[in-house]
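For reference, the structure is listed below as structure tokens.
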Amino acid sequence: MAMSGFLYNSWYVAAWDHEIVTGQLLSRKILGQNICFYRSEEGKVVALEDRCCHRWAPLSLGRQEGNAIRCMYHGLKFDPQGACIEIPGQAQIPDKARVRSYPVVQSKRWVWIWMGDADKADPTLIPDTFSLESPEWRMKPGYMHYQANYLYIIDNLLDFSHLTFVHPDTLGGTEALAGQRPAIRRMERGVNVERWVLDDQPAPFHKKVGQFPGDVDRWYIYDFWVPGVLLMDSGVQAARTGAREGKRHDALEFRSCQALTPETETTTHYFWAVPHNFALDDASVTDSIYQSVVTAFEEDRRMIEAQQRIVDTAPEGDMVAIVADAALMQFRSILQRMMHDERTKGGMHDMAT
Amino acid sequence: MAMSGFLYNSWYVAAWDHEIVTGQLLSRKILGQNICFYRSEEGKVVALEDRCCHRWAPLSLGRQEGNAIRCMYHGLKFDPQGACIEIPGQAQIPDKARVRSYPVVQSKRWVWIWMGDADKADPTLIPDTFSLESPEWRMKPGYMHYQANYLYIIDNLLDFSHLTFVHPDTLGGTEALAGQRPAIRRMERGVNVERWVLDDQPAPFHKKVGQFPGDVDRWYIYDFWVPGVLLMDSGVQAARTGAREGKRHDALEFRSCQALTPETETTTHYFWAVPHNFALDDASVTDSIYQSVVTAFEEDRRMIEAQQRIVDTAPEGDMVAIVADAALMQFRSILQRMMHDERTKGGMHDMAT
Amino acid sequence: MAMSGFLYNSWYVAAWDHEIVTGQLLSRKILGQNICFYRSEEGKVVALEDRCCHRWAPLSLGRQEGNAIRCMYHGLKFDPQGACIEIPGQAQIPDKARVRSYPVVQSKRWVWIWMGDADKADPTLIPDTFSLESPEWRMKPGYMHYQANYLYIIDNLLDFSHLTFVHPDTLGGTEALAGQRPAIRRMERGVNVERWVLDDQPAPFHKKVGQFPGDVDRWYIYDFWVPGVLLMDSGVQAARTGAREGKRHDALEFRSCQALTPETETTTHYFWAVPHNFALDDASVTDSIYQSVVTAFEEDRRMIEAQQRIVDTAPEGDMVAIVADAALMQFRSILQRMMHDERTKGGMHDMAT
């Protein structure tokens, strides 16, 4: 049921920028590959294969020395490009004494890594997460680790009818929301989803941060980029005040950024934040939103990890498609095409783990 | 060494009746299949595949609505026969939107499930566990989870010579008991075993609930039905007072019911009780018997789980048969024949997990 | 990367002598085989396959009776040669009712087991661990369990350049030590390594047990016997006082004995001690040395278990050899030859697990 393998020629979020601090080494597994991250003295993030080429000790148990990193097993030293530049007691350094180096770009609070051919790494493909650092938005950084394939989490995010059933007490939704049919637009590298719920109730988490005398209009408009980045415009505003016609006033608006990065075939890194543009000076509002989302995401995780366990133990039979699956079907078909192209045209065979 | 696979066209004990309560969902794995149990408003037990046909979320994380059950991921609703009767936001329900439903019968405190072809489910095949609910007997319900294939537990119960070695301080046995040869009678779907130990000591657990001025006669007479139900008449009475000739007076009698239900190939549900027909109004006697058996069964489990671990790690060589294996050999040969018939004649291929 | 399989026709350390006490049964897995050890009434160590031939219950859950052992599942009794000598309730004992018995020799504090053809077990091949029991040496027995293949630990011990990087605060080493090239001499069944570091600093653990007004000479001279026994002469003495020319006076000397015994392909028993010949009556010195070594070995373990985890999850690519690998290369080539000979000439096929 899970599509196996990964898309390699793509940017993935590897970390929040503050996770990588000069002088400290961060080991993180991405697409099944152990990677050692560190920050150079000039502040640039370096990503090296986390495996010394000598006896396969992890470099992350080593030591940063200037902009280089030393393996603390037998002392081999590597530069940020992965070339070995010192072997204790040995003058000659073999050419093949090197570790893989990965292209990395830090952009608007997130550290992005390119897992495929380095010469195809195009920084202009990195999605714009402006709301994570704009002074007009506030947020608290989120991270969650999942015992599930990343695509099951993406499925979840591509069909918000689950809000009604999984999140009645947090992100919330009525039967009307579950019954809504979103507009889905296919893009070159992703899908755009737009869902409006008019003249309905605000969600429990809305009520914690705003006043709603009557019914409201709610919207969720997002791009979901292959292989796993969601950027969303969502919000809530008094009903029949023109939100859908573009007249936003007194709305509570959010610009959520969410990134799913496969750790392995069955585990996932989930980086997320839900920036808001109101009550900018009230940290308790930012906290309230963060806590609501943590609670809601744990509701999702309980369901999705259970789904993964069923897939693990009973790989038989087909899933029955329903109308609400339209967006996830489109997304998976785009991803499938890109993975197919990569394998057949892109010479990615050697990337397979 | 373990026979692999299972007999499907058969009743298995799935639960004690009190485990399934209206409004609550019980998830239990049986023969490797995740099953969701619930009780209808009329009190009838329903057993559905614990996997929504849509995205394979577990129904047991859902909600009972009347006699139906709703998946709380995207809201699909199923009736007790497993047919999907509602998909939010979708008028048409595809025919294949259904989950498997299993025949279930509640009989004398136990809930029985039929794991094979539904049209072969014959309730008259269910063993009679009268002693679990008769007013002439008292018992406390027992359950134990085993990290071992169910057949190793059945082997244990088919050769009581182990009482002498595994249970010296509980169910107890002398060398005389271990040396006894039981009478074994082969039946169509099981074996009958009869073991008498005359003029010997009572067991430690007997002494806790009865007075024995001298030696005793002890007996164990049981049917063991394929694939895993033991119904036993056992007891103890002053020696040379005619117990073996059928003259029971002042005997302590037990009518044990024990059921082994495979959870997986290497784990087992063990449902059991040891009803007694004396001191019916003294709950401390019922408790004492229950506690003695719990302690004894933990002695068994320690040995049998160790045996399973050895089988797991060293699958080489043959087990050497001894005379005391006669009953377990017969039992396994009957089971083997029934499994063979099922696979070749019964069209059970599709049941294999 | 790991050489798979084991050398069977060889002595392995199975236990410290004090671990095996008359009347107690010790279960230990060696080369993937579960073995039950006990001590006869005359003090001789017995090693039997830890699996009753009847239903594969572990003998180690049994009971020593005189010099025999009884399985406490159904009561079969075995003599020290592994022959079944009693089956309750059965006069005739089948010939094949026996368990494997292993040659065992207790020698100078260690219990050695021969894992191959019993008739090839030659006690003269057992290395001489005199320092473990000589009155001229003192030591505290050490044991460590490793989640790594034994060869990775041997690699570590065959290249002391790692002292500089892994053990700066314990066994210690300067850059000079890491840069040193040891003399390596190939033997019939192992390698001899000799490393001198002249006019350098003492190690942190030296300073805890000795006074050093100035620089010192340090030496490490050891035989490493296939498949895994290291016997070392090491020490420290004031620099330029002739240690290398054989003039030892006021030296702190050690005669370390270390044995790596595979438990499985990925776990290892590590028996070790570091006897010293000074301050023989000061137990705090023995303790200090023991504690320093425990701390240092935990530093090794952290690195080597991490190395094993990388090998486990990413079995691709080659390790890049460096000059410092000379001893481990020789050792592995000798072991490889002996394993090859054993498989092709020695008829060891049936030993493979």
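We call the chains A, B and C, going by the order they appear; numbering starts again at 1 in every chain.
FYI, a contact is a pair of C-beta atoms (placed from the backbone, for glycine too) under 8 Å apart; a residue touches a chain by one contact, two chains touch by 3 or more.
Quick caveat, the model's predicted, so the values are computed rather than measured.
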| item | value |
| --- | --- |
| Fitting chain B to chain C on CA atoms, where both chains share a sequence, rotation angle to nearest 5 degrees | 120 |
| Interface numbering overlap (same over half, different under half) for chain A and chain C | different |
| Averaged-CA centre spacing for the pair chain C and chain A, given as whole angstrom | 48 |
| Junction residues of chain B, two or more chains touched | none |
| For the chain B and chain C complex, residues of the former touching the latter | 1, 152, 155, 159, 161-162, 164-166, 175, 178-181, 302-303, 306-307, 310-311, 313-314, 316, 319-324 |
| For the chain A and chain C complex, residues of the former touching the latter | 32-34, 50-51, 53-58, 61, 70-76, 87-90, 94, 96-97, 353 |
